[in-house]
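Across the two complexes that follow, chain A remains constant while its partner is chain B and subsequently chain C.
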Partner chain A sequence: MSAAGPAVVVAAGLAGVGALAGVFLPERWQPRLAPRRLRASVVGVCTAGLGAAGLVAGAAALGGARWSADLPGLLPLAGVHLAVDALSGLFMAVAGAVVLAVAVYGIGYAGHGTDARGVQAVLPVFALSLVLVPAAASVSSFLLLWELMAVTSLVLVLAEHRERASVREAGVWYAVMTHLGLVLLLAGLMLFAARAGGETFTVLRAGAGGMSPQARGTVFVLVSAAFASKAGMVPLHAWLPRAHPEAPSHVSALMSAAMVNLGAYGIVRVGFDLLGGGPRWWWLMVLGGGAVSAVYGILQAAMASDLKRLLAYSTSENLGLVFIGVGAAGMFADAGNQKLAALALTAALLHVVNHAAFKALLFCAAGSVLRATGLRDLDQLGGLRAKMPATAGLFTVGALGAVALPPGNGFVSEWLLLQSLIHGFAVPGVTTAIVLPLAVAAIALSAGLAAAVFVKALGVGFFARPRSDQAAAATESPPSMLAGMGLLAAGCAALALVPGVLGDGLSRAAAAAGVTGGTILSGGSLEVRLDRISTVLSPLWVAAALVAGVLAVSALTRLVSRRRRRTNARLWDCGGGAPTARMAYTATSFAEPLQRVFDDVLAPEQDVDVTPVRESAYLVERVRFQRRVPDRIEHRLYRPVLAALSGAGQAARRLAGGSVHLYLGYGFFGLVALLVALTVIQ
Partner chain B sequence: MSLLRKIRDTGRVAEDAPPRPTENPPPAAQELGGSVQVRHIDAGSCNGCEIEIGSAFGPVYDAERYGARLVASPRHADVALVTGPVTRNMAEPLRRTVAAMPQPRLVVAVGDCALNCGEFAGGYGVEGPVADVVPVDLQVPGCPPRPEAIVAALRIVTGR
Partner chain C sequence: MNAVGTAAVAAQVVLVTAGAPLLTGLMRQVRARMEGRAGAGIGQPWRDFRKLLRKEPITPVGTGPAFRTAPLLLVATAAVIAALVPLASTATPVSRNADLIVVVALLALGTVALALAGLDTGTAFGGMGASREMTVIALVEPTILLAVFALSIPAGTTNLPAIIAGRIHDPARLASPAGLLAAVALAVVTLAETGRLPVDNPSTHLELTMIHEAMILEYAGPDLALVELGAQMRLTVLLGLLASLFAPWGIATSASVAAVVLAFVLFAVKVALLGAALAAAEVFWAKLRLFRVPELLAGSFLLALLAVTASYFLTGE
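Take a look at the complex of A and B:
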């Protein structure tokens, strides 16, 4: 018997206990004697246990176990259907691992409005929904869990709504966009269920083959738009850079590292597994959306000076890379090249895992900074390396993963992704010859920009001198937060050094999605074996070579240098006064050259306001300079739509004049019109 | 092409190398092994000495052929070439600049003002000669000193 079933039951039980603890336990245990956070600790332990159970269930499924359960009594009419295969197992394991680490972190992070009853009660439910969404095996169960996830995350995003008005605005954006997504998903899946003649995934899988290409295409477009908005794809990303920064940091970590992944899961599950693959234009759409998101997301991250906003845009970028892999896999599968498809899908799934590890770590580290200083603005941070050495080190591990350079973990999956695209030229056709080089260029550009982004985040945020009193007074985080981040950092390191251990699981997941191309990764090294080509990358050796190289260079400089090393010299300040914090690079100044390069894409807004003194126009009293880099897509796409909607709403107010007679008239004419319409149709 | 033609037409303008100075180099200079990086510090000069330093490193006197090279930061420098009487505002920056240089280091005072405040001695804004502020290893007298004299002093340091 597999461990998956009992683990899912344990997870559900722990979620229930955690939620009840959140509701009924007092916030503090004996407030006067020892101010311990009772509620947060109990909820945190339950949630961590839930995460561990999810991880166990997922790992068992990745190991080849299958488990399914039908609970007809749990929901009226349809009942609940759950099934775990390797593909859901991968996403359950990722969600479980992230939940485990972040829950440990959250025990120490509590406070800042996250101690409240509602927030603590909802947290375990949100965690459970993250673990269970991939296990859903019918349309109704999937939609129910999906909506549970959306609503609980909304409550958590709004946790600090009393402190900042911007939280409320972010909440509205998130609520509207996630529910528009749900509407699309509902429409798509209901159409699918109606055509396939049933709502369990087994029936859908069987019925998909008999559907017309138009119906399949409509289902895929609707569903993939919904999943793309959950994954923060451009142009449906507008909620992401608002909700992630405003949510409490451990919730941001959960959302960014576990929730957005489910967008990718949805596309793979519906596109590959349920619909059984599709024509090329589906996957071109996915690939194109991914490429645009990757470049646009990281470009906006380069401009952001809010640390969490930067990380949120980077999420958009990384999910874009995942979508490039998924799209490429679909194209290769459509062309009949299962090996290449398996390679691309494996790369995409591995990037999901890697991104989850480093992004959860980065958001947690950003949360530590926020807790210690109350600041998210990189322009006001700085000097934290000396004050919070452990957090700075952990942030470095995460940033190394995010820049896609060895020995970080992001490098491994991006390397695989590039391999799959470059070898994709083996697939004949004009489309691949045009699209694949563009995709490679998009990945290369986004990887280069990512390096700039994380040099900025680390260098400006943690090095140099503190640029504000809050940053100067920062203190290191409590042990439980460091422990949570330590778990994630260990995960990053393991993924960076021995990604091969995931090899069998990833190929089982790809096989569960219907792409059977054999094992791509094995052992400690990554070996790409195609028909005629084979490439090997051994991350462990790369890391060892890098360490040896650094040691050799530093030893050589010591050996060769003839003069003594001076350590007591004062910082060179050009002979003038001591350098002040104002002389250091800020996030804005660091990004300025990039902003000039991408001026046409970003369209920054600049405003210089000169106030002369009253006596003479030539004497300046005050100069105000303002520069903003707004999200251009949001500006150009959403503002007109929102303005039109609000205009229509204003116009419609004239219909509701307050007269009861008028309203009765509307009802009467409405009924008559309906009856007339029915007669005509009949 | 016009540049190449110009080079051909101009030919070599550098003067022939005078005989090597016979003075013993300061002990610190022996560690430098004939390659000397020079940082110039204007501690309050009238800029007469700067013109001569400029021409000492120019194509005619070409101090670089003896192993001396001007650099832009005291962190890279072995020799500080100080000109002018040290003004009050420049006293502390001069001390810091010399302190910022790696060891072994030398200070060369260039011009009469650097040696004894010259024309500006007793001025209200003058702190004193360079030797009062930082230890001086070599002196180049003159108001302003001729470029040959500056080159000769640098050749003592480089030993070439």
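Take a look at the complex of A and C:
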């Protein structure tokens, strides 16, 4: 008897208790008693317990335990089928861990509208759906949980809709896009189930082999488009940079660190496990989409000066890297090289784990900043390291993970991903010779830009001097928020220093997806062992060497120098005198050179408005300069479609003139046309 | 083996640290002579270093921990790289961990630390330098990793000692089209990473054209000494890496003392020659406009891409 089953039951129970508490408990206790925000505290504790249960279930499955349950009575006609293997276990564990930490954080995060009854009742349900989606083992259960996740997250995104109109707009975008994705998913999985002759995953797995290549290809394209949209892949990403910034920060963290992962999970589950792998073009599509998303996402992040929007675009980038790994794994598996496929898939899965850890931390830290200052605009922040030292330190840990430099955790998985691509050259074929170098270049460019992005976020947002009164008046977050972030930071540090502990679990997860290549990671260091070659990365060793280096340099300098006491002095600034905060570089000015370099890709819009004084056209009274870097794909792809749709709607209004005679006429002619059509067909 | 290997690693770090100011002195001297000046002598950077170390440590008001730790981190990353790169011997205790991607990432870490320090000052120049430096780094990264890719194909690994040992045993790899293209690409990237002409002018006094110098304007005293030393060490290590990759003759592959000593002498000669050549070339180059630099880097990226594809199509697999 594994721990997975009871843990899932406990998680479901806690979600129920949490939801009930959200509905029935009053928002506030009496002012003098200890938990003043009673509802948020109880819901937070229940959700954290749910997350812990999910983590236990996932860890048990990663350890090799399997668990499944058929509950025919729970849902009419189909029943609910749950099954947990190592692959689902990995995603359950990630979701559980993120839910645990973020729920602890959420106890202290009091935004406007986040304490409302509806929001608090839905939060545990959303958390449960995050944990349970990977456990679904039939098409109907999967779709049900998937939709539950979409709807509950939509409610949470709309939590602050009374505060800002942009929340409502983001909600509409999210609702429409996630449901278009659901339609694609429904179509793809129904086609799959119809051809395979059943809807449980076991039947699908058995029936996939007998399907025609066209049917398999259609299923994969439909399903992967839906999953790519959930993962924020370009060009289906448009909802992500809107919904993630507008949601309350702890919800953003859940969405960005746990929900988008399930897009990657879906592709791996359907593509590798259920369909049993596929031809090369499937995986080239996934890899290409991932590479484009990685570069485009981080480029947009480099232009963003809204901290949460920046983080949302970075999510698009990181999931792009995951998709590069998944696509490469599919290509290698198709070429028959299971070991390389296992390496690439392990890298992708490890990046999912790493990204979840640092992105949840970064969103939580951004939430702390938002709570303390009410600002998300980097151009107005600054100087927070003095006011909120703990938050600044935690953001630094997260940013170090995100920039893919040692000793951060993102570096480990990107290193592994690069290794898989470089060694992938052993797979013969011109395709690999062209695709792999370009993929490496895309990863490298996104890593370089990510460094610029997070130097900007940290350096402009937290360092230097405050650029606004709100930033100057910031105060540190309450202990529960710091504790939640501390948990995530500890996770980041563990993943950065001893990623090898995940080695066996990741291999099992890859094996559960049908890619058996043996253990790739082991012990404290990462060791890539293939047929002829082996390469080693010891993150612990690198970190230790860096620490030793810093200490040695510091000690030697102190030993040699004569005057040890540091004296304060005014900033020199080339003799310009004490600079004001207005003279400091802002996020926009920091990104300006990059924007010029990538001018053709980004297509910024600028607008100079010169107003002359009334008496003379030659004297200028006012010059207004405006520059925006809109999301180009959104502009070029979505706007025309939306404009056409609304144009069609406007045109259709002319049909409804308000005259009852006209409507009766429509009914009459419609009926006649239908009858005529029937007689013609019969 | 371990004793000699450990000694070799320690000697690499010490030699790079002690030799870096001398290399800069040599380069300045070559430049001065070619411009018809007498020059200050090879030892001048060391004298500057000593002078700066004796000065009072200054903390500009309004700066934080990032500003104070950046110089330490810059020197520490350079020292770790000096230990990892097989400048003189491939048979060292750290050779298993000397991964080329790690070396590249550590270099970037030093740059990022300095850029954060530039932003931490909150001055216009600090931000300007940081912004420009990060732009250059972002564009340099694809070239470096593709060159790494090209170099690691024949060796089948990104492990640096394995690549260099392979090149010593099979010199044909050096003259292969892939090897030559990768060499040119890496050379351009080295210029960008170390802030040399034509990407950045290390001796500029015009703030608006600065990249590296703009970031470090607020540093003084021992901090400035460390920043200067770190930059010099990075130049030395990168030139040493180029020398090890593309002229690996003499690098000890065994643990014999004589071979290691000879390797150190050859290393010093190779780096001095490369530095002198670079200084001589810089006399004839003008600094590129900032927004022309991406074109240079795009060119080097193309070379690196060609190197990878050449190594695929020309090895005839």
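Simple rule for what comes next: the second predicted complex is superposed on the first by the 636 of 682 C-alpha atoms of A that agree within 3 Å, B and C clash if a C-alpha of one lies under 4 Å from a C-alpha of the other, contacts with A are read in each partner's own complex, and residues count from 1 in each chain.
Please note the rule applied: a residue touches a chain if its C-beta (ideal position, glycine included) is under 8 Å from a C-beta of that chain, and two chains touch if they have at least 3 such contacts.
Since we're looking at a predicted model, the values are computed, not measured.
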Partner contacting more residues of chain A (chain B vs chain C): C
Chain B versus chain C as contact partner of A:T535, first or second or both or neither: second
First (chain B), second (chain C), both or neither touched by A:D573: both
Partner chain in contact with A:Q470 - chain B first, chain C second, else both or neither: neither
Chain B versus chain C as contact partner of A:A581, first or second or both or neither: second
Contacts of A:T431 with chain B and chain C, given as first, second, both or neither: neither
Which superposed partner A:F411 touches (first chain B, second chain C, both, neither): second
First (chain B), second (chain C), both or neither touched by A:Q338: neither
Overlap of the chain B and chain C footprints on chain A, listed as residue numbers: 562-564, 566, 569-570, 572-574
Contact set on chain C toward chain A in their complex: 53-66, 69, 72-73, 75-77, 79-80, 83, 96-97, 99, 101-102, 105-106, 108-109, 112, 115-116, 118-128, 130-132, 134-135, 137-142, 144-146, 148-149, 152-153, 156-159, 207, 217-218, 220, 222, 225-226, 290-291, 294, 301, 305, 308-309, 312-313, 317
Touching residues on chain A, where the partner in the complex is chain B: 562-564, 566, 569-570, 572-576
Residue ranges of chain A in contact with chain C within the complex: 382-383, 385-386, 403-406, 411, 415, 418-419, 422-423, 425-426, 428, 433-434, 437-438, 440-441, 443-445, 447-449, 451-452, 455-456, 458-460, 463-465, 532-538, 541-542, 545-546, 549-550, 552-554, 557, 560-574, 579, 581, 583-585, 589-594, 596-597
Chain B - residues contacting chain A, complex: 31, 73-75, 92-94, 96-97, 99-100, 102-104
